[in-house]
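The chains carry the letters A, B, C, D, E and F, assigned in the order they are written, with residues numbered from 1 in each.
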């Protein structure tokens, strides 16, 4: 689409939203249909596919035995990475990760990590010698906006199903599992997009492109937030931030039930 | 158990997963799974699960490497980190780069590249689960995605692995069979309408006689894959008006292809799009 | 000692470095430290030591990625290998790339980008010593360097961290406090003239009530940082003839910004340069 | 050479080949003169230089002691890499390996590996602790077509001459050797280029550029094939493949005598 | 500045220098004002900032415990790296190190290393097990010519102040130090720039850009040289080299007093 | 044995490889070994074995970095992984990048760059075996390859290492001598016709007096290398009609070069090509 058409479309979206109207007739704080499934990959130690409208992402967990860091001899680790596959959008290019996927990966990672829902000590196999290193890798299959929330839900959904492989000494016994990883909480991220003077949740692609600021808020339970990230070259007033905090806690309560 | 492992075909002629020696695993194809793409397909082939998307033809990037006479295919074969028993480094490895190259070349054979000079046709495949044969599955899926995108082709590309395990010549090896001590693995793909070989690789020790025999099995298996591809595309192009050209209709074209690598005249090609290939 | 460590605010209301809960560490700013740059600043904030330089606006490189309607900010947040307790790999890491992105976006909010279509404004910050809060310090320094470079802005950007340690809501956490078991760390930056939030990140468990309370502390702290920035810029622009616009004068502008993201008409902006922001 | 001139040259080559005529008057299945020498590098643990007409490649072997993979504690390894030096052709650029050199490397590697001519267990120094890791590095010095066969011959010729360094504990004693590596078979790769409707062996550069499909067949002995690779955006009929298989076994028998 | 203006400026500088006149009225062998300070970074184990006129560089040392090389079990190591920050000049770009910064790093490194002023055996903590690996990282803050000398002085000044961290087993005790590193000599690099037929020391940026050859000479003490590097696509006559050697020993004697 | 090792020159004035202190190792040069290149040479220098090829002048890539007034030399010094006692990582390392830079600059001094504005001259050297002195050998080979390619030069570049081992000032150090505890290693290259120094590096402790003495040895050694270069080029250009310019004929040129870095007028240079340099 040409630059000019984008500007016109943006103007239209902005004025519609001012009148409380979204392109697909949702309310400003309504999510698109959310579908969560788990038959993604038998080779994964845990996996999930999340569709948020037409946005489509998959997450898979793999546990690898490794040495602990010297300063945390009784703790394993988890790391989250998101790849924006060229498969998913004409906007994405294959190649090394750029700042967009790096920010997305790190924000999704912090949403899980800071909730303290995973006890890293439970990833210890033998203190000082062997721990589980968990990799949660996400791939975007189709990009229609709001990857932050979709990826966050997928990461948590995959972790909830994740099982530790069975070990024979330091080697994994292929296809056999010992126990499940336990999440003590279900962290949920909700992301607000500011489009003109309006703020919407679960923006689709055209809304996201029309927006100039984004605020992601992760909630570890119904009353507690655990992470935030503002992005974009726009701004939020302190009052808007307060409002978003309020809504995030409410909406994450709803979404948590899906998991 | 140990003994069991070395029996690749039992006395009833059945393999470890209960298939016959010439039997391919179950194949399921869904079209149009990636709305953002020009064309797409999701394919399950036994445990293998693959997404394929096509973008383009678009202007070639970078422009100075474009071919002024034809389109170029950029094929990307990628594996999810969790698609294999041992976690794969997410960065594309040398194996993925080699496979991307040969699969892209296989597709270039069938696409009417001359119709889109200076462009690129991007074919992205992503393996999310695997169990032997992911490259032939990816190529099969990519071919369907190209048809879904309406890219004009001479023929669908149909692919299947064949080979040997425990002394038996078999089609569509699974991981267990691929790991046999005497395993031979032969990824094969043909232009389904003409049986011309566009992909052929081999690993493992095999005699000339065995090779010729197993190639025949492979050509038959590719035709079975072709039937699956046609079935799903027919469903999509159900209301298309044009007749599907029969194998006989394509024979002239075929001779041409074997004889001469020069671009065909455009007027000879104008009926070969999307559902026309079925 | 062990017990001591867990007391983050003592009975006299003092923190480990003798500050009150709302007290920011000492800030020293020097302007024009990098003669080769269009504008520059050196900032010490407690132990944090940061150089910031601005180059441009210059032609965007590579040209085909330029925005024909506005300038783009290329922000570089880099840490010296010896700026942290454990040696940092000199290669920019993912943390530095993420921070560069959000700090650059914060600055884009305040710069009149539309005045320099097709260009890039390069903002380079280099952390040579650190002790919690280096990103807000870098943003604060960069804002002063932009003013020094004469880049027209809606407002200075003023930044400060706030958060929680040992159950206390505090401003401008040091490393010791950031490492508290219940630590919450909230880097915050605002357009100083309007309190609009341009940078906001958070790590750690916090309730809505605590968050709202600590945000207020943060807005106040940012204004204190703003005073430091103004003081040093005033010194430089001492002989500038124009009056500094008061907060009230900017209120109309502020309403506009909240309401609509479209570029302001140039005529509305022509008095907002360098010393004019103080 | 301009695009147009290439097309004209290609046409000419195609029609000459149809009449059974090659540019240098060879028969379709004749190889150019093959020269194999070994005085390439005293620092290599084994080396060879192969000239196939004007195509000129060198191979050198280095053994490095290292730890075995946990799942194969009694096996060493061999890896083959080919670099297309900018020295060798105006077509090559210095820089990271591209898909052409990656494919070439991997095909040459498989030709050796799949022949099972090297017993990786004989590369074990101490089970579970120390094994030999062999690197066969090839460099193209002059590129006049058919690198697949030239590199394959050079790799095998270098390996045939390779000796294990003498060890003092885990350290190599410079310049001293213990024993030779033994190859139980001599794998030979022959490559077929399809130019128009003709198929030639040992294509030179202009023939290679005029061709649109390539088939490499490695034979581990006079009766057995061990690897294949089809490349290029053309195709082979099943009958052509059969014919190539027949010829590959015949021709490799001849070439094997050179080694 | 345009190409033409550069040529004109170069002509002017060349003819002025022929008459013995420098832009800032220094003598040909005079250095700009040199300021050395050390309050750069408390997190560094040793640091220095050096201003040579407006050229401004910082150096910081970090010691990391690590394993020794098998062939030097009782020696630690020191490595020097210089980064040309995009902060310092419109001529520098952020990105991977290019040949200019690689040459600069390696020449500064050799100036220190070859002086043998550091006894690498004193960096051994436990033979065969643990040694200190010292990293001297330099960053250019402002570039106004003669980085070679500025970086060399900064590296030595930082090393002179460097202290070994205190160890608890194999782990560093943060913020505590055991002993200082001792330099047995103070190596000093002086760099000569040939501009037209004149040779100047401590060239500023415009002189450096007008020059076509450079000769850096490191002296380990008042009578001994330890490293040299000629750069640039010009040349020096043997007599000029001799003259530079003479001057380098003299001038480094002076500069050594600053450290 | 241990003692032996520390004797670098025995009582008969002979070194470990039986050379005298001023004696260079055997040099063999072959021209035209790489038919694809514009010019090429293979050089053996003791154990060192080096291939050199020249391509160009060609259009500079990328175009926007070309110099509109002159050609640029892109020099590539690369070592085969098996060219050294410990296997070298095949990726070019920092040492190779530095050497490539200084060798390229040395060649730029002698080539009439102004005749080929906007172009690049690619000089590729590949070390396949080494034993001290590979960079001077590579430069010597490259200079012959440039002459073979017909690139017009002011002079051949002739190079040799000199230095010190066991207290003796010696020429053309071998690996054993380079590893002496007091070793000094000085790679040196000159324009053979004028003795102007175009490459000079040094590692190791040396006094002014020793340095001046060993430089003289180096200049003499370079002239010996020059004789080898000339001999092989003469063979090639045997039937060339023009006379080789004598050292005296070049003196005017020489003064010019020392005096002024500006491009010479083209008319002054037209007789300096290929065999003309001998």
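Just so we're on the same page, a contact is a pair of C-beta atoms (placed from the backbone, for glycine too) under 8 Å apart; a residue touches a chain by one contact, two chains touch by 3 or more.
All values derive from a computational prediction rather than experimental measurement.
Novice: Expressed in steps between touching chains, what is the minimal separation of chain B and chain F?
Specialist: When the steps are counted carefully, the minimum from chain B to chain F is 2.
Novice: Please identify the chain with the largest separation between its CA centroid and the CA centroid of chain D.
Specialist: Most remote chain from chain D, centroid-wise, comes out as C.
Novice: Of all the other chains, whose mean CA position lies farthest from chain B?
Specialist: Ranked by distance of C-alpha centres from chain B, the top chain is E.
Novice: Could you tell me which of E-F, A-C or A-B has an interface matching D-F, in the sense that over half of the contact pairs are shared by residue number?
Specialist: Match found for D-F within E-F, A-C or A-B: A-B.
Novice: Measuring centre to centre with CA averages, how many angstrom lie between chain B and chain C?
Specialist: Between these chains, centre-to-centre, one finds 54 Å.
Novice: CA centre of chain C versus CA centre of chain D: separation in Å?
Specialist: Each chain's C-alpha centroid was found; their separation is 59 Å.
Novice: Using mean C-alpha positions as chain centres, tell me how far chain C is from chain E in Å, no decimals.
Specialist: The separation of the two C-alpha centroids amounts to 33 Å.
Novice: What is the distance in Å between the mean C-alpha positions of chain B and chain D?
Specialist: Distance between chain centres, rounded to whole Å: 27 Å.
Novice: Give every touching pair of chains, nothing left out.
Specialist: Every pair of chains meeting the touch criterion: A-B, A-C, A-D, A-E, B-D, C-E, D-E, D-F, E-F.
Novice: Within their complex, state which residues of chain A touch chain B.
Specialist: Listed in rising order, the residues of chain A that touch chain B are 40-45, 47, 54, 56, 58, 60-62, 64, 81, 83, 85-90, 94, 135, 137, 139, 141-144, 172, 174-175.
Novice: Over in the complex, which chain B residues touch chain D? Could you list them?
Specialist: Of all residues in chain B, those touching chain D are 68-69, 94-95, 97-98, 100-102, 105-106, 108-109, 186, 191, 195-208, 211-212, 215, 219, 257-261.
Novice: Can you list the residues on chain D that touch chain A in the complex?
Specialist: Within the complex, chain D touches chain A at residues 70-71.
Novice: In the complex of these two chains, what residues of chain A are touching chain D?
Specialist: Checking each residue of chain A against chain D gives 170-171.
Novice: Taking the touch rule as given, give the residues of chain A at its contact with chain C in the complex, in rising order.
Specialist: Touching chain C from chain A are residues 3, 14, 99-100, 102-103, 105-106, 110, 114-116, 194, 196-197, 212, 215, 220, 223-238, 241-242, 245-246, 249.
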